[in-house]
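Common to both upcoming complexes is subunit A, partnered first by subunit B, then by subunit C.
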Partner chain A sequence: MTVDVSKIYLLDVATGASVEAELRDAIEQAQLDDWQTKWRPALLTVLQELARRGVPIDQWPQSWHWDWTQKTTRVQGLLAFRGFSVVALGETQGLAQVDLTKTGREANQRGKPLVYVDYLEVAPWNRPELGAAPRLRGVGSALITAAIALSEDEGFKGRLGLHSLPQADDYYRKIGMTDLGQDVAYQNLRYFEMTSEQARAFFEQEGER
Partner chain B sequence: MKIERSKEWWMARARREGDAAVGAGLLAFDPVPDERPTTITQTAAAEETRIAFGKFVNLMRRRRGLSMEKLAEVAELDASELLVIENEVHYVPEPRTIFKLAQTFEVSQRRLMQLAGLTAANDAGLRQEAVRFAARSEAMQKLTPEENSALEAFVAVLSEQDPKRAK
Partner chain C sequence: MTAKRTMTLNLTDAEMRVLDELSARKDITKTAVLRQALRLYQTIDARVEKGEKLLFENDATKEKAELMLL
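And now, the complex of A and B:
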């Protein structure tokens, strides 16, 4: 399998400097190894600390009945799917898996094919919601960028769909996606879609907002 | 699939992200750490020390050849309370009771409190000793030499006057 590597840049939160990174259009064994040996222990430490401080579960960044064994098995299975990864400083910084068989729900693009982001996760040390200062910023945006680019590549004109984690709703609104409300069929997560117009806006805006 | 964008383009998107979290799909959820094993361990540990406490009172009393009534009299306690202390592992005695028993048996009150489950036994050493003691002693009419030596050893542990433990 040949993997295309795009050169991208992330923001080092501590110094404000740019960090060169790779956006790879695949998830490979190295990423799963990083998930297992680096992400998992880092996240476990944070979650145990939250538990130790007695933070009620509903105030945790995320909660769902999901155990490590189940999650690990599913993550290890990602090799079989189409995905993206962001690698910087020798480590996997973010992962996404996409599904090209879904269609739109939003009124203007109902029934039209889109890229559905089945899974998008950023390394624990880059997640601001976990309480500590994140290391790199822009990992999630890079993965969304990759999904939109794939959608254009596939002739889906940038159309995108995804179920947002509760703490990520604001981000998807910020990048202009349409909030189609909570999806009872999907653990009540909010379903967002990006239209081709919104995708164009996402790509064309050069400066900051 | 290659994506060609300028450094400025990527940096603008990274900045726009700000402190927003980004994640999607059920697989991205963090597993909820299973708290039950710790709770079970803690409960089991508390029960172990509490069992040791009952046995300790029982053996100390018998070593002195005292009936429950007699010990109650000496320690100025209620005989019925002594009965539940020795036989009911879920009964948590009053601090005054512990104070009186510690005085009577001449052992550390702090340690006896931990043993009885009145204060958290964050002392792994004591817990270990308590389990060892409880396992070695059998409630019989007369103290066997084994029970006697088990009791001696445990009294020594309980008599240490609140040592400044590292930590």
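And now, the complex of A and C:
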């Protein structure tokens, strides 16, 4: 399989400088190795500190139990699933997996195909909610941009859907997605959708940055 | 963008009508309908091969019907 690689730019939070990065339309072994050998130890350190401070488990990073090797293996070879990764400074900075078989729920796009973001995770050292100052900013946006671009490319007109972990609810509202409320059929997570118009507005906003 | 290859497809009038109708209703191109059909067929086939069943449930009555794939 040929992997499509695009050049993108992230922000180095400490220096304010732009950092060149690769957006890859696949999750390959190198990314899974980074997850195993870099993300997991970094996250474990954070979890140990949270446990030491007696922080209740419902306030821990909600993706702490995600196993990217398992997620990737489960969908290997299936056309319905696609992966994306962001690589910068020689390390994997973010991962996403999307499903192309889902359809819209929002009134104007009910029953129409969309790109459903199954999983999206940014490397622990880029996540401000984990305590330390993030190293790079823009990784999550880059992955959402990639999912919308895929939706356009597949003829789904930018339509996007996802269930959000509570810690990310505000982010998805901020980028203009419609909050369709808690989904009792999916662990009570809030379900968000982006319409074609919202996708266009998102691209315009991203272009101005 | 992933490179794509072109093929010619011969369809009957009835098949073409269904393709037109799905394309309009789902708000996607005819090519997108066929690509979506291929994805769904592969996904279902992979799960059936693993011993799973494909069931439809009526939202109101909760009645379940199994779709047999031969």
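Here is the rule we go by: the second predicted complex is superposed on the first by the 185 of 209 C-alpha atoms of A that agree within 3 Å, B and C clash if a C-alpha of one lies under 4 Å from a C-alpha of the other, contacts with A are read in each partner's own complex, and residues count from 1 in each chain.
Criterion: a contact is a pair of C-beta atoms (placed from the backbone, for glycine too) under 8 Å apart; a residue touches a chain by one contact, two chains touch by 3 or more.
Note that the structure is a prediction, hence the values are computed from the model and not measured.
K.L.:
Contacts for A:L79 in the overlay, against subunit B (first) and subunit C (second): which applies, first, second, both or neither?
P.N.:
Once the two structures are laid over each other on A, A:L79 reaches subunit C alone.
K.L.:
Could you tell me if A:P128 is touching subunit B, subunit C, both of them or neither one (first, second, both, neither)?
P.N.:
First partner only, subunit B.
K.L.:
Look at A:M177 in the shared chain and tell me whether it touches subunit B only, subunit C only, both, or neither; answer first, second, both or neither.
P.N.:
In the superposed model, A:M177 contacts neither subunit B nor subunit C.
K.L.:
Once the two complexes are aligned on chain A, which partner has more residues of subunit A within touching range, subunit B or subunit C?
P.N.:
Touching more of subunit A: B.
K.L.:
Pick one for A:L44: touches subunit B only (first), subunit C only (second), both, or neither.
P.N.:
A:L44 contacts subunit B only, not subunit C.
K.L.:
Which holds for A:Q205: it touches subunit B only (first), subunit C only (second), both, or neither?
P.N.:
first
K.L.:
Quick one: classify A:T2 as touching subunit B (first), subunit C (second), both or neither.
P.N.:
In the superposition, A:T2 touches subunit C alone.
K.L.:
Could you tell me if A:K112 is touching subunit B, subunit C, both of them or neither one (first, second, both, neither)?
P.N.:
Only subunit C is touched by A:K112; subunit B is not.
K.L.:
Just checking: does A:D153 make contact with subunit B only, subunit C only, both, or neither of them? Give me first, second, both or neither.
P.N.:
Touch partners of A:D153: subunit B and subunit C.
K.L.:
Name the contact category of A:V98: first (subunit B only), second (subunit C only), both, or neither.
P.N.:
Neither partner.
K.L.:
Please report the subunit A residues shared by its interface with subunit B and its interface with subunit C.
P.N.:
On subunit A, the residues that contact subunit B in one structure and subunit C in the other are 4, 25, 153.
K.L.:
Applying the document's contact rule, which stretches of subunit A touch subunit C when the two form their complex?
P.N.:
Spelled out, the residues of subunit A in touch with subunit C are 2, 4, 25, 78-80, 100-101, 103, 109, 111-113, 153-157.
K.L.:
Considering only the defined contacts, which subunit B positions touch subunit A in the complex?
P.N.:
Residues in contact with subunit A: 1-5, 7-35.
K.L.:
What part of subunit C is in contact with subunit A in the complex they form?
P.N.:
So the residues of subunit C touching subunit A come out as 1-3, 25-29, 31-32, 35-36, 38-40, 42-43, 46.
K.L.:
Would you mind writing out the residues of subunit A in touch with subunit B in their complex?
P.N.:
4, 6, 8-11, 18, 23, 25, 43-44, 47-48, 51, 57, 60-68, 70-71, 74-75, 96-97, 117-122, 127-129, 134, 137-146, 149-150, 153, 162-165, 167-168, 170-171, 174-175, 186-187, 189, 205-209
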